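Before any comments, here is the structure.
For clarity, chains are labelled A, B, C and D in written order, and residue numbers in each chain start from 1.
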Amino acid sequence: MEIKAEIIHNDSMAKGYFKLGLACAVPEVRPGQFVMLRVSDGLDPLLRRPFGIYRTLGQTRGRTLGTRGSSSKSKGIEVLYRVVGKGTAILSGKRPGETLGVLGPLGNGFPDRAEGSNPVLVAGGMGIAPLYLLARRLGEGTLLFGARSKAETFLLKDFRGLGLKIKTATEDGSAGIKGLVTGLLENELTPESIVYACGPVGMLKAAAAISGKAGARCLVSLERSMACGIGVCLGCAVRAKAHKEEKENRFYKMVCSDGPVFPGEEIDWDLL
Amino acid sequence: MGPVVKKTKAATEVTIAGLKFKNPVMTASGTFGYGAEFAPYMDLGRLGGIVVKGLSLYPRQGNPGPRIAETPCGMLNAIGLQNVGVDDFIERKLPLVRNAGTHIIANIFGETVEDYMEVARRLDGAEGVSALEVNISCPNVKKGGIVFGTDPQEAFKVVSAVRKSTSLPVITKLSPNVTDIKVMVRAAEDGGTDAVSLINTITGMVIDVERRRPVLATATGGLSGPAIRPIAVRMVWQAAQAASVPVIGMGGIMSARDALEFIIAGATAVQVGTASFIEPDAAVKVAEGLEEYLSKNETTVQDLIGSLRTA
Amino acid sequence: MGPVVKKTKAATEVTIAGLKFKNPVMTASGTFGYGAEFAPYMDLGRLGGIVVKGLSLYPRQGNPGPRIAETPCGMLNAIGLQNVGVDDFIERKLPLVRNAGTHIIANIFGETVEDYMEVARRLDGAEGVSALEVNISCPNVKKGGIVFGTDPQEAFKVVSAVRKSTSLPVITKLSPNVTDIKVMVRAAEDGGTDAVSLINTITGMVIDVERRRPVLATATGGLSGPAIRPIAVRMVWQAAQAASVPVIGMGGIMSARDALEFIIAGATAVQVGTASFIEPDAAVKVAEGLEEYLSKNETTVQDLIGSLRTA
Amino acid sequence: MEIKAEIIHNDSMAKGYFKLGLACAVPEVRPGQFVMLRVSDGLDPLLRRPFGIYRTLGQTRGRTLGTRGSSSKSKGIEVLYRVVGKGTAILSGKRPGETLGVLGPLGNGFPDRAEGSNPVLVAGGMGIAPLYLLARRLGEGTLLFGARSKAETFLLKDFRGLGLKIKTATEDGSAGIKGLVTGLLENELTPESIVYACGPVGMLKAAAAISGKAGARCLVSLERSMACGIGVCLGCAVRAKAHKEEKENRFYKMVCSDGPVFPGEEIDWDLL
């Protein structure tokens, strides 16, 4: 599952936003799953970085790479990322032809859609990335996109034409309505809605609360600093509401192996 | 009986407390789960041993998050010793690895001497446990929270109590947060330990300067990874000079070259910790690299142990 | 006299033992020579202070080489406290920097308490020395080589002896190679120190696995650089909680962000060490970055000191 | 003196050997001086790496760089290096257009040639690099080059046509005489000779001894691990023979600031 993948492309989409294509044979990817990327062969930064799988690539462009596991369904993956710190800065300097260590796909991703449910996707900024595969699979419903300003709406490009209605909210009002994306959510919900949310923690918390009030299910995709990505370091814990009936009665869930997608009501947002 | 065939001892074989290890590379406690989690990434049978996550008498939930932070060439953790508890381990985790073809070593801890004794007792009869590793880097609740592993008298008490509670070999895992590691080695030996392992993590702290808060919810945590390797090698070297029992070395091992530093300094075996987070099969790669070095240099681990020349 | 003009205190100003520092960024002993060596690379007057290479009663040749080794995010050194001796310092080195517009702090050490006292006495009258920093991480030859800085009683002795030998402010520089730094802070305070500084280097070792020898001629050396920063921040935080005198923090500071960790943890000032080897003007850049942070956040160093929220 | 220099070229000369051109305005360089290069902006590797200045570049090829200090004599420098470890491996991956931190020129270099002396340059492998500027300045004399095999003789290319006789010794006999370069030296020396040597320490020690026996002066360029390169860390000490008349009577000399070139008889080769 640890693969040295050749970089197919690593293109700037907008200032500080990049689209990274990796040639690696991966088993079927569920929407919401992620990979751990090693951005440097050196010892600093030491840990891998987690990134959602944006989409799978059927055909590798550029040179093809001899990877193991020939029964795999796709020849590569794409990741969208924003430069926020040391690791993503290093990543943004990589060029096609270089190789990166990839571990994944990891995590459980989004559960299959329940019969008759009415999907509402809620994305905050870069949080839209793990929702693309889901949107494509669903092929209907609504996508609510929140951003700081119009500049970030380029992230919506790939989502147009997938069959979802798209509504936008920006903090400065430069695109869509002025305000938070959770404002849009309130008007969108029915008890048949199923909400899929990814973005900043404040947004997720609000989405879970609003959904709960409307009697709708809400699935949130969480982010947490990770060391291993495979459930063994116990570093990426989030506080869950204790369930008496559960055998281990664990307070803590691991974002990497129990998630990264959780039912919103399972999370103890105050103790997160 | 047929004719006696003299078997050549494998170049990588080592013996600790009567246990034969096919190679001197184990995984470190808390960095390899209960073992089975890593089966998809490697043949567990290639390992000298697996030290499982620290076990307590009852399940522990661990600390609130954030529990980890990256540091220059290292990481801090404050997991809070989350574990399923010794009974659940025996019932549900141990069966998954007991036939993996490697030694399973149970790492144990407690908040009182009695805790340690009871955990040791419960593991005593457990099929498939080869040895106990006693983590003494834990706060002693009865002594007002001072850490067992920083006070030689408390260390002696806990080691001798465990020694009396089990027939398994006892490895004492030492804390590096002490002025003189040799004193701690002697305390563990006086307590009847069969081996010592070191180093556990070094207490550290990272501050988020924008929020003016520690990054970890618990303020401080344990530093591990290559950043601490020079400190670990020094302490293993000092421990090996003071010890009459075998020493197991660890702290920042990322490659076979790193493992060799510890062996040459006096370690009979090594443990690979943080590296397994970055490359799940890091420990197997270390074992393979060690084999290569041995055959290239036509030597054995046995000959390398403590072979450091300082004059 | 003219009208009294109330001066606004600069946001970066701090006071330690009655000395005003224009900013809290100094250079660390042993990493900045005697100061003048760095004049080609920066305006020395931009620094809060310069702590010069450790001075002994007589010149010292230092250790044989190799004296340094690189480690992951750090370096080991065993310079052996090579220095020109206190008299030559006063005669030839001090005049070059005494008018640089920054505080010159003399770092001193010895092998006996008497050594320390005599070095302190000779510096007492020296024009241009603002304070003494007493390095207690040295082996005490009379006590069989145990390090002054790891035994609270010995630390107390040396600090109180220096205290009596000088009218200059006394800063005691603590060793991190101890179980409990708070005990050492108290020993220094009992000895009459005006401030404590920490951390000095952590003992470490690197082995050349091909030659099966330590890389350093002296086997072990002192670890410095970003690798040790989490340990240093933790110790400074602990020291600041225990101390009633100001704390000066150091260990792996490479940037203003790093310096802020120490200040927020409780340090009144910081020292930049290893970073000056990599960028000669690193300390000035830290001071500049600090100014930027303060003006961006509309705050002062004074308000940041110990502002860590842990609840 | 710390300059961010743009990489003009970084070309492989042979397997593991590279020629690095840096656009940086440097004051006049004396033969034998060196620079400290920062091979990574990250923290690992932490320390700069020392490299001899192979030659100065009068004209920068490629883009020019706005550097400070306009009174400088040259617009760039060239460094030859061999990949031996982590730092040089990272360096070899750098491409034109990237920038590197350069500190220098540092050290004292070779002293001016004494009247009437007869120069003999002795180089072991990559040790030839700091001798190029010297050879060009001398314009006469003899260059003795020692290498493992013929494969390394490409290093001699730039030296041809400078006016020096060139003699080669290889360990395997694949070029020149079979044996060590110090073997050649013995036949070359007269008391008027002045020997300039750079290479492995064993070679330098032998060159100093052979020169001493022949009554010739010998200058050796030493290598030592360095942290600062400017005489302040005291890390690059070599043992010198104590001189009673010297004020400080130091046993130890710093390779970076007292050297890297030393008279062979000043070094205590047994305690080095």
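Convention: a residue touches a chain if its C-beta (ideal position, glycine included) is under 8 Å from a C-beta of that chain, and two chains touch if they have at least 3 such contacts.
If you're wondering where the values come from, they're calculated on a predicted model, not measured in any experiment.
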| item | value |
| --- | --- |
| Neighbouring chains shared between subunit A and subunit C, ordered by label | B, D |
| Pair exhibiting more inter-chain C-beta contacts, C-D or B-D | C-D |
| Between subunit B and subunit C, centroid-to-centroid distance (C-alpha), Å | 35 |
| Subunit A-subunit D separation of Cα centroids, rounded to whole Å | 53 |
| Centre distance in Å when subunit B and subunit D are each reduced to the mean of their C-alpha atoms | 47 |
| Residue numbers of subunit B (touch at least two other chains) | 72-74, 225-226 |
| Junction residues of subunit A - those touching two or more other chains | 43-45 |
| Chain contact graph, described as a line, ring, star, complete graph or other shape | complete |
| Contact footprint of subunit A on subunit D as seen in their complex | 40, 42-45, 86, 90 |
| Residues of subunit D defined as touching subunit B within the complex | 43-44 |
| Interface residues, subunit A side, partner subunit B - complex | 1-2, 38, 43-48, 101, 103, 224-228, 230-239, 248, 250-252, 271-272 |
| Interfacial residue positions of subunit C with respect to subunit D in the complex | 30-33, 37-38, 40-41, 53, 59, 61-70, 72-75, 77, 79, 82, 84, 88, 225-226, 254, 274, 276-281 |
| Residue ranges of subunit B touching subunit C (in the complex, touch as defined) | 71-74, 76, 150, 177-180, 202-207, 209, 212-214, 219-220, 223, 225-231, 233-234, 237, 252, 257, 260-261, 264-265, 293, 304, 307-310 |
